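Right, I'll just put the structure down here and ask away after.
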């Protein structure tokens, strides 16, 4: 099939993360060096195929020096869904299906195949556009590491290192002031960042969405540490962690005295803990810092391999597939399969077993967690 | 006088900051190597001279390996003021003056002189205790850099580097998503961290307490950038920055719709900007991360020099003095003078002139700032 | 079996690497928390079971705060082989087999099982001691990543990041001065560090032991870059890389004019290149810096899991086994199998394919490498 | 004078160092924003005014994003001296004085003033070109910090931090293996980097060019540490350090057994120490790594201030002057004065006093050093 291809497009969609530029660079270089194809860069995700003037050629010179840089030179957005495109009008927001226009736009641009670098949202769109005739290959991107089909994607390792370095910094303050310090990390549905960074950063408590936390168990852990002389505690909490009882209980606890709605789980937990512990509590929300920075070696290499192999997949005609890491090798899996389900922290992971051995509190008693696992 | 000294005490007071351990290490080593004195470590600031069981000998072995570590091995607190010591009783908080007990406690421990490493609060207490007979030498500590008498103190350089690295990380996200990103930094009264980190981190807008900001001027800067194609902006704001009109206007703006009181200046500014700009706005509050981490080379060296010279000041009988940096040399200045006034960013600094040349918005028009400066 | 165990020993052998302390910490905590065992720390590898006075109890307090620290609190050595123990005497070096004494010493100390953290040398010794009755569980350590049986070990990721950061730094100098900069990295037999760091750091040439290099091919790559306007090149070379012709040719080239024997492959390559390129050439040997530093998040987590699971292996009676990483899980493999062969970079790896796509020179023409692979 | 200026040139000369791009960026932005001048970038130092085709306009867009990047976008060289310009001919190297051509070339390009960013070599050339009519303003650059007239220049702080981080890494290996580790740092004539990084990195021995070292004193320090149980030592040596007896003795010691000339002072010292100590000795030469990397906050800010103020100096007609840092302010000093003498580590510095207090060996006995100071 490679000989029918003369020009490919590349776009990045969804939240930015370290390694996007490394994928772009490898794809451009490989397309030129190995196949002599032209590459068009599409700006701001699918927006670049909806609005005019957002496409530019990418040459080897354009991708020089971008390997160590975070973000994406193409721009990205979480919002431009061609099947559900929102336009502000005088009468409010109107929604259009512009997917046919996108496919036509790609044809007019002479794009023989499109490499979509994005999360489950962007990949799902890519998959649907393929039903309409657009030839697509995917590169998975999820800083939360919650995508099926690939062991891990680029950006995650950098985010875990950033979070761990924050924990290293907070440790000294916690210890010097005998405080409880809560660090809120990313992870809306899956607790990978919190779990891995928490263990790597020496946290005493780690709360993840997969295990609803019992505030009494958490407070007990902190109080026990205080009694034994370790008069500080480090609590890591994923943004999507919830107390036993779930969303409803969480929202109730977030509403303090009817007066002020707290920012997120970190602040809410702080208020809860103040009722159960003697210690001073402080909260830090790491937020967008986890998405920034120069990618780690692991992420630069993985992103580079993904970019290069994605181009080979196009040449092999593996449309509708995305690159993935399995057993230390880059393979291809069907996009449809990959976006079918999320990947959560399994409760029988040896990482949880390790956490128990280190006496890290995971939000509930070991017995309850083992029952969840048996039940789950 | 040195021969009348046989034992000195060391304590750290106020908020922790990178370099405290380097001061302790240098003081202990110098006292032992040069004068053959004993050193007692006092735990948790002045609390260690109020409560029993908080004093321990410090030998060379005790300070081995602590040079690169943030925080303080002695612990610290912002709260134990011997002249105003708060005790929780059944009837509420009672306040006592225990300063005489502190002086007596030090005598009983055989402390011939006390090295107090602390901010203006701790140094003021030290100075008052000297009136009661305690022999004191100070080592200034203020991460905000707002202390008179010394060009700079340790911890500040590390904090500025931490803030700058955060800006480097936020840049890629801002650029990739075409966003306005606000970074709230420390600096309640003086804007040193925000100004220096802001310029070093390539910020487009820098708001400091010394210059009340006009939201229209700030929004205009951002809108101009968007029009010219730089569709993102980085705004750095010191926690103590205020709009024109001051505290009252700030509190009014912080109260949004009567419903929810915003967290701080970063969040408040975001809400204000949303009314004046098209762009998406995001806020990151760096918080305690600025106090953590391994000290920079500058801070390790300065802290080490401070610790060593403080011991020599004790030997020379320079009581009531603190070490200070001036013209690249460590000198001694009177504690009383140093705590008499705060050090603000002068409006005629060449740093501000530099910011104008780079077209950085400082929260108000250049003309207004120059009039403020002329008005003094 | 766990109930027959009351006391275990832990030792670290071979070259130091980031993560050793994390293993020790996890093993000590898990042994105490999960099994209530005592732990003895053996100092300086097997030397600690040969010489007296080198054993100390390890409690939870002893391992507090060591997670982020490089090196090993137990000390290590590459030299104390109990089967071949060298002693300096007046008559020169005498060699003894003290393996029986080591086994007896462990019995006298009440060590029911020994956790050996070490490379293939230490693990081989451990395996042989097991034949003599010592109960052993292994934790693999090799910064070069050349051990069979485990996908990777701790320390490697940190070393690759350190090397990549060095490449980032050297890039700016190379570019500013239009120079060829050679970076010599670890890797005596296997080129994993050079290959991974080289790609992650944007190297133009990567030379590994698995592919003998042809100096003409390397020089041609550099000269082509110069002609095309990229007037600098970054060359990464593993310490064990050799020219076509192997060791004999290398030693001949290392001897320049009979006068001075060059330091290593980096310097030798520089001299070779000067004969074939116009450009100025500079060499940096990263050396021990690759073994130092705080471990990366990946290494801290992997080392922690290894330490915890090793203790569980002891409890399960899996003697003669070592922990290993496979498919993202910690499993156990036979030490005998693991040390039977080294793990080299396979010539059909998608990483090499990626390098070709990026037009990275791997020391020889693609055709020659593909023939080696087909032949190999 | 500003109104007679319409176009300025900028060039970087000498070895690269972190912060050059920050100077260029600030100069370009300030020239455009404040004075509406055009800026021409001259490539590869004075070479760009000798050879054709090495001049390009610099706009605000050209300097976007370069603040955090090491090196210089203009290129640099240590070799193009217009008064002594070397050209390779068939008959060998011929030397020409092309200084008149350089002045004429600048006129033809319409350069009304030239900002020269460089070390003492480049500044001396700039000063001489001014005698011939070229209008020049200087920005001092010396990573070694050995230039009179300014307290410090950009690049030095980054280099000291890089060296300190290397020491942090080497510490763990030295400690784990009970070794002596020697780190060779930059500093041909002045020992600033070695002294400051050595203290900040916790070195046990620091050897600088200003104090000839006595190998017996150094070995004695190491042996004393070993006897007392600290069985490792970290030795920092500036590349220009010499033994007592100076260059002649050094060259004799460098020639080992007539067979192999050692690389530099680090290797030479290692051989010397092996004769005097029991310990294993290892050497690391940091080399070009000290010139690389993203500049520290201090260097980015200082470089930015230098670049901005240099433009103001041009506007004020302060030709023949360079920017300098004194008392925390940017001032201007005569280039002629600045290059007249080098700035060495003064033997009465409180930094040396601090080193004594920490029991750091400075290469000779305290008594000898104090006599040198009294005599010096």
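We call the chains A, B, C and D, going by the order they appear; numbering starts again at 1 in every chain.
Note that a residue touches a chain if its C-beta (ideal position, glycine included) is under 8 Å from a C-beta of that chain, and two chains touch if they have at least 3 such contacts.
The structure presented is a predicted model; accordingly, all values stated were derived computationally and were not measured.
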From chain B, how many touching-chain steps at minimum until you land on chain D?
1
Relative to chain C, the most remote chain by C-alpha centroid is chain B
Please compute the C-alpha centroid of chain B, do the same for chain C, then give the distance between them in whole Å.
43
Based only on mean CA positions, could you tell me how far chain C sits from chain D in angstrom?
35
I need the residues of chain B touching at least two other chains; which ones are they?
168
If you go through all the chains, which pairs of them touch?
A-B, A-C, B-D, C-D
Chain B-touching residues of chain A, taken from the complex the two chains share
12, 15-16, 18, 20, 44, 69-72, 75-77, 162, 166, 168-173, 175-178, 181, 259-261, 263, 282, 284-285, 287-289, 291-293
Show which residues of chain D lie in contact with chain B when the two form their complex.
26, 29-30, 33-34, 64, 67-68, 151, 157, 160-161, 163-164, 168, 196-197, 199-202, 230, 294, 296-298, 300-301, 304-305, 308-309, 311-312, 327-330, 349-351, 353-354, 356-359
